[in-house]
Amino acid sequence: MKKIISLFLAVCIALPSFSQAKGKSIPDLKGYVTLKCDFHIHTVFSDGLVWPTIRIDEAHRDGLDAIAITDHVEYRPYKSDIVASHNRSYEAALAAAEAKGIILIRGAEITRGMPPGHLNAIFLTDVDELDKPDYMDALRAAKAQNAFIFWNHPGWEAQQPDTTVWFDEHAILLEQGMLHGIEVVNEVCKLYTPEAHRWCLEKKLTMLGNTDVHHFFVPGKKRAMTLVFARSRTPEAIYEALMDRRTVVYYEDFIIGEEKYLKELFENALEWKVDKTENGVRVRVRNNSDLTFRLKKDSSDARLIYFRNTSIMPQVIAPKGEFSFTVNMRGGIKSGDVNFIVENFLVQPNEGMKYTLKISN
Amino acid sequence: MKKIISLFLAVCIALPSFSQAKGKSIPDLKGYVTLKCDFHIHTVFSDGLVWPTIRIDEAHRDGLDAIAITDHVEYRPYKSDIVASHNRSYEAALAAAEAKGIILIRGAEITRGMPPGHLNAIFLTDVDELDKPDYMDALRAAKAQNAFIFWNHPGWEAQQPDTTVWFDEHAILLEQGMLHGIEVVNEVCKLYTPEAHRWCLEKKLTMLGNTDVHHFFVPGKKRAMTLVFARSRTPEAIYEALMDRRTVVYYEDFIIGEEKYLKELFENALEWKVDKTENGVRVRVRNNSDLTFRLKKDSSDARLIYFRNTSIMPQVIAPKGEFSFTVNMRGGIKSGDVNFIVENFLVQPNEGMKYTLKISN
Amino acid sequence: MKKIISLFLAVCIALPSFSQAKGKSIPDLKGYVTLKCDFHIHTVFSDGLVWPTIRIDEAHRDGLDAIAITDHVEYRPYKSDIVASHNRSYEAALAAAEAKGIILIRGAEITRGMPPGHLNAIFLTDVDELDKPDYMDALRAAKAQNAFIFWNHPGWEAQQPDTTVWFDEHAILLEQGMLHGIEVVNEVCKLYTPEAHRWCLEKKLTMLGNTDVHHFFVPGKKRAMTLVFARSRTPEAIYEALMDRRTVVYYEDFIIGEEKYLKELFENALEWKVDKTENGVRVRVRNNSDLTFRLKKDSSDARLIYFRNTSIMPQVIAPKGEFSFTVNMRGGIKSGDVNFIVENFLVQPNEGMKYTLKISN
Amino acid sequence: MKKIISLFLAVCIALPSFSQAKGKSIPDLKGYVTLKCDFHIHTVFSDGLVWPTIRIDEAHRDGLDAIAITDHVEYRPYKSDIVASHNRSYEAALAAAEAKGIILIRGAEITRGMPPGHLNAIFLTDVDELDKPDYMDALRAAKAQNAFIFWNHPGWEAQQPDTTVWFDEHAILLEQGMLHGIEVVNEVCKLYTPEAHRWCLEKKLTMLGNTDVHHFFVPGKKRAMTLVFARSRTPEAIYEALMDRRTVVYYEDFIIGEEKYLKELFENALEWKVDKTENGVRVRVRNNSDLTFRLKKDSSDARLIYFRNTSIMPQVIAPKGEFSFTVNMRGGIKSGDVNFIVENFLVQPNEGMKYTLKISN
């Protein structure tokens, strides 16, 4: 990927829109709004510890656009006190969600031994239909409701004690249209699963990053999210985007996903300005987003001198911050490539995104 | 109250015990351990938003010794989903309390219009017995179970829109042995009620300070507490102490209560050392507790010179901090009184505790 | 002092100007800009520990408008290494002051035993003229240069070991036009001197609050200041204002000075809005400044109900904060007075400013 | 490098000594105390902005053992005010250094164009001897005083605008015994210079990390240091250690130096405990130091399962923190190697230290 910026062209690109009124400011992509979502959340209706309306308060406080409440169908430790349909946790939160402008998605967690482990089905119409002894029956019921279905925390040690295995059962689910995505990040398990990351890329599955919160979500803590690139801020548009794999995962300061989305986020978040200096150019960057970017010099065009004395730590472009660096050009050179890696934008498991800035003087 | 300290006596008093293994360090009193308690707490079994076990986690995290879960008897907004005895919130938390070493007390909030307003009954044996149409019947049932009964947030604006009134109904409850204490502080209402403070002193009622928490209690936030001076760390000893009015209220950095308890806390928290100087003495204080003390000079013995240039702000003895000051003695004076007020130790509504340090050179 | 605000009048007063581009935002007064000044500062040219230009960096960082460098005439511990005119510390800082837009005032500290102690002379033209054996000669030289002269830290224990005494010598200086002000606050000595406060009020002297910094001034620390109400941001206007006693002292969150100035600061910092409610009015205040206001209820109009449950702590209007309270009006009352004390605005030694808000419904 | 720890051996290694009474706790090495030093510091006697005694206050506050004041010989912007021997900045700080227990080393910065750039000579006896027009004469004078001489900030852009070059002149200095070390880190220039790191390894030069502070050193800021492994806490022992290359550089959370020292620091800082589990072992580590360790899994023994889901971020062992991880062993395996890289312990430019923990079950 290359971006050409030049002293003789207009170098200040028009600022893209930022849809989010609240919470972290993350740029939109062309044709899409970026929605901050958490599709894995529990309440007292399964083994969570809070009433469903708290989840709306937390989502609102944290600036989310949409959440799915996904109580376990099969595991309900408080069922002797709470005797209710599987749809109740969704219903109990709905009025609060509407009042606070949070999109609430009806979901459930199908909770089985490995394989196939735990799977979330969201965009359901009636969760009670999923309460079946055989997991294939439960998933067929979800499919019959046109659910979006994903595999939760595939690297969870309790279910995959040694390595993270893709079982034949998962291949069958994929073939039968009953597996659309995988959690690459699960916050409660503190789990980034490189294998899940690779499977999503290879098998064309949607990448998800969710909290799986059971307790309350502590104020001020960074929250794992699925960023969804949707045509509009509606449940239907989120569904369409998920089915079309238009997501990236946001976890700590990492963005994980398809290179095309990472590149566009990077470009839309940053404004570049290049000024001629005596020996080359000075490049100034303004970060209009709340994302962080950690840059490391990549194999370089030997005629350009930049990022010289900084290899001990990456160059950090802080949220809403500014950053500048000098590119010296040797002996009459008029243009060249500044190559670097954005360490925290993972385009492959543990591999940052390469980026080239084409400079002319 | 006077404390005599002298250069010619041993001035470093033996350090009293501090029972608390966790949380704020607050000194014990002679013959009693100081227990940190919260007697007003809600869960999803009435209009709280969390499952009862979270209350144990929070109490443990905050270093409390004992809590009472006191769900409303009459107000249960989730009762269509949660069909349960009024005893269930206590029962659901009991195993967790035992596991974490928290003393859990069975309680309930009798929730009526004013008068008499809301009253908590704790140390109950069966909460269901309190579910009666007439509040006097409910209170008689509590009394029959030997409950400790107190009036909650008497100055709550919703129920006392103008001034804070003691109704005839409260006098009747008091006479009939159905009112033992009052909340001087209620944290959810952000309420310190001077009238409640005065009534406790005049009518010999127990002072309480509780959170009345409904949502989760945010980690790191200071927590209103009732400090109970109990013969041992047992439920029975707490009951006996409450009935004997051996409590003070801890709220922000204030201690509110009977002067005798405030004085003993003050003395047990602080170690004094007096050294002779050319013109008088130097007094050094070490605070062995996590309490804060704010001292202001009181009408002074004119022959002693101390706290001269400091009247703009009180002298603060910080938690675990040290503090020292000089007392100059004029013209051959050999002893005298250092008089001050501990501003944040309230012995009357809005009135700090006076203290005299008798100094001899 | 009374301020009438009413539902039927326009209650949002037009926002006064705030001159300061940097540092704490403090309102201007009618006809005057409010300048943040420190008139007592040392460098390596006497017993300070830093080069004069650092004082400019610090002043700029802390948002000051003007400083005076006031090295001791008589005490120069590094004079074997630094052989220089007494004017050099001013001269060495001048270019930096001009570059950073700080008004730099030439000063000196006349440093003698008590009486008369230490006195600063500022707005000098040649400090070397003050280097005389007799302090009266030094002061006459300062007067001959039309200096503004003030007594430093009059309550300093080293010079006034018992009480803070006004000596005959000070009366003579005052009579002879060689004493114009007193430091009410000296930060290095951690000294607020109530006697100095009273003398300024009684003897019509200018109040000053300065740092007397010798070491570097730690970034982020609150800085004692003299706030000067000047006709313009020029040295001449500061001189005129000092001679006319148009100053207040800013120290921690206290403002100390003449009531008329404190009142105008209070009114210019705050925007009030009053809305009718069912039982009275709701008063909302927005603090447009970086000042803090701590309000306590004063003896009240018994027909109005306000600040009911809050006596344990003052009502704090935080910097740039908002604050609101309800005034209930009994039995058909249509107007009344809300009386309170602004605890941290000292109009007399240790005495807050009273303020009345006249409310009509 | 290998460390064998086993369930059947004693696994809790006796805690090594930590010499430092103040400041960061860093372990000693066998036979040596670890001294925290800064060998590049300026004062008003060259172009610094503070009096020499402040450097002692700062060193004491920051827990340093030794500092060298190294004012420029050739660059003295305040020399019209400060007329003094080049030895005066050392002499002016000496009494304060003795009072606070800081080892003060007499030094100077020989300040020339590139080549050879700026060089520090420390352990001088008379700085004035270095004031010569020809830099070779200045260095010969330093050598005649048995100085330890090092090249400052070799990658400084002002002197090396493109790449960081080792000039013939440096080779000559090295041959003639007038170059003993290089600054790998210079804090004022925010400079870690990978070339300097490599040259020290290749040419057997001593690695240094210094602040080059001119302004005051802000309290609370992390300070670049040279850690010196000395036979005792004396100037002579520091000199001997520097000449023997027994140093590492401490900068941010990085330790840079010879692998043998990094390994011993790592081992002396950490206490390991291994417990058998059902499927392998649980390894617990306690960090007794204030160093941070960031571990990444290295190419692994395929029979051991560890650090599985954590590749997005390194495993951090925080200062005084604890850390634990599980090693699962497949199919009857009884022992194996846990291989990882300590990312922030640089044994080569930008290359972390590899470490193997030999585990037996």
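Read from first to last, the chains carry the letters A, B, C and D; within each, the first residue is number 1.
We take it that a contact is a pair of C-beta atoms (placed from the backbone, for glycine too) under 8 Å apart; a residue touches a chain by one contact, two chains touch by 3 or more.
Owing to the predicted nature of the structure, the values given are computational and were not obtained by experimental measurement.
Steps from subunit B to subunit D, taking the shortest chain of touch contacts, total 2. Graph distance from subunit A to subunit C, where chains that touch are one step apart, equals 2.
With each centre defined as the average position of its C-alpha atoms, the distance from subunit C to subunit D rounds to 47 Å. Between the CA-based centres of subunit B and subunit C the separation comes to 40 Å, rounded to the whole angstrom. The set of subunit D residues that touch two or more partner chains is empty. Residue ranges of subunit C in contact with subunit D, taken from their complex: 44-45, 48-51, 53-54, 57, 78, 81-84, 88, 92, 215-216, 218-219. On the subunit A side of its complex with subunit D, the touching residues are 155, 157, 161-164, 185, 189-194, 251-252, 254, 256, 279, 305, 308-313, 326, 328, 330, 346, 349-350.
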